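The next part holds the structures, each set out as structure tokens.
Okay, so chain A shows up in both of these, paired with chain B first and chain C after.
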Partner chain A sequence: MLTLKTWIVQALFIFFTTESVGELLEPCGHIKPESPVVQLGSNFTAVCVLKEKCMDYFHVNANYIFWKTNHVTVPKEQYTVINRTASSVTFTDISLLNIQLTCNIRTFGQIDQNVYGIRIISGLPPEKPKNLSCIVNEGKKMMCQWDPGRETYLETNFTLKSEWATEKFADCKTKRDIPTSCTVDYSPVYFVNIEVWVEAENALGKVTSDHINFDPVDKVKPNPPHNLSVSNSEELSSILKLTWINSSIQSFIRLKYNIQYRTRDASIWSQIPPEDTASSRTSFTVQDLKPFTEYVFRVRCMKEDGKGFWSDWSEEASGITYEDNVASF
Partner chain B sequence: MSRREGSLDPQADSTVSLLPHLEAKIRQTHSLARLLTKYAEQLLQEYVQHQGDPFGLPGFSPPRLPVAGLSAPAPGHAGLPAPERLRLDAAALTALPPLLEVVRRHQAELNPRAPRLLRRLEDAARQARALGAAVEAVLAALGTETRGPRPEPAAASAAAATGAGVFPAKVLGLRVCGLYREWVSRTEGDLGQLVPSGPA
Partner chain C sequence: MSHTEKKKNPKPSEKNLRVGLADGIIKASPEPRLALPLRQPPGEEPRPAGPAPGPMDLRAGDSWGMLACLCAVLWHLPAVPALNRTGDPGPGPSIQKTYDLTRYLEHQLRSLAGTYLNYLGPPFNEPDFNPPRLGAETLPRATVNLDVWRSLNDKLRLTQNYEAYSHLLCYLRGLDRQAATAELRRSLAHFCTSLQGLLGSIAGVMAALGYPLPQPLPGTEPTRAPGPAHSDFLQKMDDFWLLKELQTWLWRSAKDFNRLKKKTQPPPAAVTLHLEAHGF
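Right after this comes the complex of A and B.
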């Protein structure tokens, strides 16, 4: 009989803590705001509002409310009883990134009852992205990168925006694991100025970088010259002639080059004076070399006016200067 | 020159300071026209490849049906004054994008498995708009008024007229791609006469 009575009391306890049959999980109140995102270092206030039915059943009011953060009771000095049903708690200078906040009541003098719980997420609004720059690797789509600014401790989305004067392009949304660069979805069109900027947004704010405006042809990194070959001269033992094939970009921009060389056993490269290789070409004769010596060469190129980026170095090619005819006598 | 493409400020304080910008703008637009001429060739070749016989067969000469809203450069075009030629170029470049869009829609049904062709058609429309805007900016900087509002391109009637059959749709596309090539090439030539000689 006692066991039955105990069972009935427990069942009724569960029943009356809910508003009606079929809503066994209905809480005794709620907290506002429900899912706050708070700026680190700021103040935050939450309000717990009790339901009348619970107050009647448990014979409690807002004075019976106590708060906990991460299971630790909050000092009463931080509470404010607003009215019969509502109590607030205030935190100053929030410094934790993730706080579990619960509203609780002590019922029947001894039973702590949880009323409601929320999670407070804290972080920082995004800073203005800086140092936005873009590059067009020949044959590929434009990639832009930027400095994202400080850590926000929140999910922050970066969107690269771009447009011509005549139309807008689709937003480029960064991937989660690479939030500081984006490769656009469309092929570059040279000789049409494009305006580009970055928007950073999280739950605490939105900010835009400075806009940059440029012709993509001035941001090109060409493919390196290829098929570099070296030939010597029987008549002149101090020269070697280089020939190569430029990439297809040369059909619409002029190029300049760096040509470097070293002897086979040297570790330091020498460079042909850049002023001697300052315009589009597919060959170059290197002079003043030592006779009967193997030299290694490499070539790279970029837009003739210096805008854009140097290509990678070509594959190395080597050749041997001819024997000195005078010495051979 | 203001920061935005297609916008040159004819109210510049100093004529001397405007000239380098105008020259740069002309060079840039000429380079764009040259680039698009190359792309237009590629587009035309790719278009023909995807239409099947008799397109692409030697000796195939489809009827040169008029395209509503756009005609080929007139034989006397080259003899016109430069501003008039550029005005005609700009007008054609404005008329082309809706027609290229009609062709793209047709090809999306006729050749749905030709994504590169469809992308080239979409790019061509976008690039024609950009080149047209750039040519208009050059005209404005030269102090030449572009004509008043142009009649709306008759792309809708072009689409309706070919709605009845596959072959007419293919012929229309061939015609539009050909006109696109002709006009960007014409624009390249017209701008080339304005480009100052010597290095940029």
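Right after this comes the complex of A and C.
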């Protein structure tokens, strides 16, 4: 009990004196550069400079310095003694991503003392982003994606930039977990050309993708037609009339459609020839159907000139053709 | 095209209204009967129900100085640089785009105006509200004598459009909307951006046709300075007329650009003559 108390008192005494004096905890030297980022495959040199006070205290000079990477001593051939107080180490063709480099001195012939330590991070500069493309889902904001290129092993920031000929828009910064696409902050203005590109930047460099220039109206994915309904005809047992409501985008762009149908138990869809559904409409009469048969229909739309993306398929709707009036014998 | 105009513009009684900012020869005629205040043309979807009107809390006064300054700054913004387009197929495609843009803006304005008028509250959001034009004399007038409109040369036609939207954008940006919902503020901001796009588009057409952009004359900056007795109600009236004038301008611009489009297309008669020359 008594020894414990004494030990605590001694420890506290040492702690407080060293805190106020500070000398015993000061490093014996330092390494330059402090926190380098190095390109994989390149050369790197670090310099360790000893403090006079330390050199006197331990009776050492720069010749007593030895280096370690991740606790493995570096061969002497890589050292260069610059002068009495400084020694450097050179690495060629760095291939490790994360190296802990320490500068140490051998004191009194046998005691190894650590002087200073740094961490070398290595990686690659970003590659030029490729295949930049954008899409505007109707009613939503424009989203662009790209191919970021090779792994850099470093934190790389991607920024999507956009501008008109007369005005710049705010940068779109990618979120950390999705570095290959960005949704802009502003609603799209159709019929005005916009120029878009991506900048990639990390500690080793900055690079810009090719610029693309387009009208957002040519990159639209419309909402699918809705309220699809099917009605039959008493007079003609081989037809069914399809009606639907287009989304609001049809008030300023013209649409074309794909209409598909199948009998209830069929597994493959037949498609109405696209030439027949090549312009804005809200109904279509399907002919040459079998009488008294249930058919299922679905519709999708896109911009009439083919620029942009097809909408999702509408909800399916079904109807039954009328009975054949001809009595079958 | 002209026969539709005749239906929409009744024979004007020669009301000598104050000249707008654009040009001295323009004499405004009474509002075309078809374009009733922000009502839907028949056959289209009903005006969407907006949110419940916010508190009638439009504050006047201290922001006017700032607004005048802001408008002056915007008005003096350097002219849009001529757009460099190599391999240009002529002004046709950009005229078509500008036309499409006015239709798109009309579509946007329809829902925006519905919401904003609901925010202003009655009587502004009543469908048969058709007030006399009080105040709002400085707003650029879209309606114009039909013969005058027809006789406008391309440069003047484009210049009037450009100047009108510059003014209207300035006023629109100054709309006091602190009390409006975030949704409404966003819609207004987006509409302002779209109008900015329209200005750029018109500037592009003018550049393609070789016309200089209109420079503002000193002393003609739009200032929305209310008179000393400018009440809340009159302020709302100003807002109402701003939206109405925007609607009319977009309706007119569609016709302006349609006309320009036809002028820049090769006339079919020339093609026929060509065939005749070859003995067909």
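One rule holds for everything that comes next: the second predicted complex is superposed on the first by the 303 of 329 C-alpha atoms of A that agree within 3 Å, B and C clash if a C-alpha of one lies under 4 Å from a C-alpha of the other, contacts with A are read in each partner's own complex, and residues count from 1 in each chain.
Here, a residue touches a chain if its C-beta (ideal position, glycine included) is under 8 Å from a C-beta of that chain, and two chains touch if they have at least 3 such contacts.
It should be emphasised that the depicted structure is a prediction, and the values quoted were computed from it without experimental measurement.
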- [ ] Quick one: on chain A, after the overlay, do chain B and chain C clash, or do they fit? Just give me the call.
- [x] clash
Open item on the list: According to the stated criteria, A:213 is in contact with first (chain B), second (chain C), both, or neither; which is it?
Closed with: first
- [ ] Could you tell me if A:98 is touching chain B, chain C, both of them or neither one (first, second, both, neither)?
- [x] neither
Open item on the list: With both complexes overlaid on chain A, does A:283 touch chain B (first), chain C (second), both or neither?
Closed with: neither
- [ ] Between chain B and chain C, pick out the one touching the greater number of residues of chain A.
- [x] B
Open item on the list: Per the contact definition in the header, classify A:251: touching chain B only (first), chain C only (second), both, or neither.
Closed with: both
Task: First, second, both or neither for A:195, with chain B first and chain C second - done: first
Open item on the list: Quick one: is A:165 in contact with chain B, with chain C, with both, or with neither? Answer first, second, both or neither.
Closed with: both
TODO: Touching chain B in one complex and chain C in the other: list those residues of chain A.
DONE: 164-167, 187, 189-192, 215, 217, 251-252
Open item on the list: Using the touch definition from the top, list the residues of chain A that touch chain B in their complex.
Closed with: 164-167, 187, 189-195, 211, 213, 215, 217, 251-252, 305
Task: Residue ranges of chain B touching chain A (in the complex, touch as defined) - done: 3-7, 28-29, 31-32, 34-35, 38, 123, 126-127, 129-130, 133-134, 200
TODO: Name, in rising order, each residue of chain A that touches chain C in their complex.
DONE: 164-167, 186-187, 189-192, 215, 217, 248, 251-252
Open item on the list: List the residues on chain C that touch chain A in their complex, please.
Closed with: 44-45, 80-81, 83, 97-98, 100-101, 103-104, 107, 190, 193-194, 196-201, 203-204
